[in-house]
């Protein structure tokens, strides 16, 4: 029982990271129908940006008091902002021209972008995992006999805050409405005077910024990052988005946490080497038997 | 030959087709008419298995076909054309027709891999039949042209040739005259009659009343997913409900 | 010298594509084949034929994937899985691993059959999916297969894989350490693959693939059993990959899971995209160009940089090259460098 709870908490923390990444997949898919394959690498980019910022601030270990709040805020916001810009640039340079191309063309392009990003990061930070300073102290609280670390709470807390903020933004602002309208029917939205390009840019900005937040959080949580992290994490987050129902923001969160928990239990029960197999098997099963996901509506073939 | 019994199709709350019963007799040219949104194309889609009916039964030559996959219904002898032409745009006209023959070819995987003598013979015969069909619809000169590069009227006729290639017993034509000029419409009328002469039953959806009245023996009128009239052209023309549905315009 | 082989082969294939006359095309191909057959008589450099045999393996893979992606229009991002299945088939049945020493030639057939079987197992439930979802499912499959090979240590040697694979033999004569026998095997397989690929394209099946790529719904209305036809594409494509896997494993005398990662699948997709999906000469050229860059140009660039006192490892730029090819081609020349007439028109019109 104790181990079960501990794994559950691990899974929820892991799931918070996947959920943050999954939001970007689901938003972009919802609005332009593209599996943004490079999104996982934007997440890695976020951890590298955060690392670079922290290094520039001279941070190499645990922080306390005001320094903790200020430096973490700078790294977090900086990583989010830079990732947001990267996402917008990727959309502008690589995807926009292909908006009306056959469906698979932008997907292939996205894979290309992913490879380019991975290679650039590999050259930038080297081919091996890079240590990430343990900036956030990790005292733990006992909950039901299980130690819950502050870092875990930070991961989950940040994820939940971001999601609530995103929901509020999408449902209560003019820009959020424009996003929803564009996702439903791009042509009609355009006729209503919505600036489609701007709306899509905004989607990439927000989605990528959230990936940046995830990148920072994962650095803090794992105290390490690697140029190739985004590939696996991206696929799992995509699985989360599909599991929750792609295009559905609440679904992405739910899916993220579920995938985190599933991975955590798979690692516990079958060993780490089976966790990927388990997650990908779930991806295949969901796509085959319930492609609309848990919360999504049926996805009709647009062909 | 084709019998629909109380066929309904619902999309969520929307009832697109409501309890339609219909009987198409072998060797006739029949029509389904009705205002836009009356459920005509939905009915075609139900017959060909794209959207299986929500309730009701469809019989073709006394076999119950609702629930069959589309390709099986096609192979059983129902071919169709589409309201908004759906040719294989970047295939030559003759290849479009050959694709239509697919269900009647016997080449197995090995034949295709090795181009066995049997495959070559079959392919040659299929090509000959395809040429004959192109001639039949008046497209003999353009067999190597990509479908999308043909003029509009020719595309409509190519679609018919492709449908005929699957050797249907029943041919469904979805607004075949749409966008045609009067001369093309007259030619189309002749073509439909010639198709019937080949022993193929024709069921068509059409807005052009002149054409429908001229070539069809049986007409079914749909409005808001329901059948409001059925009969010969003369009976339908004088049916007050039909006149009301059309506001007395097109039928006159 | 190695450049001469590649450039001549590429030039001949491009030339053949340009020739309008079918017979002239055939003659040109036969000449190229004859020249390649005779080459080892005059040139006894093993290293050259090593690279050429590797290139041939990738040509084979590209031809196979082209059936799935180019002909049938199904984006398969896990194609390396079938390559792995082929390679492991050889490794497990012709090595000290289980003390099985089945002959290479039998295993070629077996591996092709296994790979096709797995193609069907994967395809049957997934082929109803929309294109992009199918792509992701195949990717997942491509991730799972090498991972399973890695995990089942008892049978597959785990992360270290299986080594000391048998040398194939031909009428009792072992291939030994030389590379030239493999070169001949690969040439023969390519000839077979090209023959099959052209036959398939110009057959009932090829026409059906084209039709479902153009308009799946209309194809179904023509009585085409789209599921069966797509499965055939999957199985055939996979079997080519299985064949390539056997040769690859035998030549290397080693298999390990890391040889079949996602990068390999993407590399093969890049070959298709570069050369021109759906066009047989195009994908051959795409494969040759990328192998030339990977196995010849980049290592040489390293040497040149080293003599100039620079410590650059151009081997680190593979991902960048594949990525750049995918992005640049898709944005600026989506039909590839050597497209078929059909594909060219298709993309030209789609853009307008």
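Here the chain labels run A, B and C in written order, and each chain numbers its own residues starting at 1.
Heads up, the rule we're going with is that contacts are C-beta pairs under 8 Å (C-beta built on N, C-alpha and C of every residue); 3 or more make two chains touch, one makes a residue touch a chain.
Note that the structure is a prediction, hence the values are computed from the model and not measured.
Engineer: If we define chain centres by averaging CA atoms, which chain lands farthest from chain C? Would you check?
Structural biologist: B
Engineer: Using the mean of all protein Cα atoms as the middle point, what chain has its own Cα mean nearest that point?
Structural biologist: Central chain is C.
Engineer: Would you mind pulling out the distance in Å between where the CA atoms of chain A average out and where those of chain B do?
Structural biologist: Between these chains, centre-to-centre, one finds 49 Å.
Engineer: Using mean CA coordinates as chain centres, what's the chain A-chain C distance in Å?
Structural biologist: Centre-to-centre distance between chain A and chain C: 33 Å.
Engineer: So what's the Cα centroid distance for chain B and chain C, whole Å?
Structural biologist: One centre to the other, that is 43 Å.
Engineer: For chain C, what residues touch not just one other chain but two or more?
Structural biologist: 215, 217, in rising order.
Engineer: Which residues of chain C touch chain A in their complex?
Structural biologist: Chain C residues touching chain A: 73, 75, 77, 125-126, 129-133, 135-137, 139-141, 143-144, 147-148, 150-151, 215-217, 262, 266, 269, 273, 316-320, 322-328, 330-331, 334, 347, 350-351.
Engineer: Taking the touch rule as given, give the residues of chain B at its contact with chain C in the complex, in rising order.
Structural biologist: Per the stated touch rule, the residues are 48, 50, 69-72, 74-75, 79-80, 82, 86-91, 95, 98-100, 102-105, 107, 109, 111-115, 119, 123, 146, 148, 162, 165-166.
Engineer: Sort out for me which residues of chain A touch chain C in the complex.
Structural biologist: Against chain C, the touching part of chain A is residues 33-35, 94, 97-98, 100-109, 111-120, 122-123, 127, 231, 235, 238, 242, 273-274, 276-277, 280-281, 283-284, 287-288, 291, 299, 301-303.
Engineer: Report the residues of chain C in contact with chain B in the complex, numbered from low to high.
Structural biologist: 196, 199-200, 202-208, 210-211, 214-215, 217-226, 232, 236, 342, 345-346, 349
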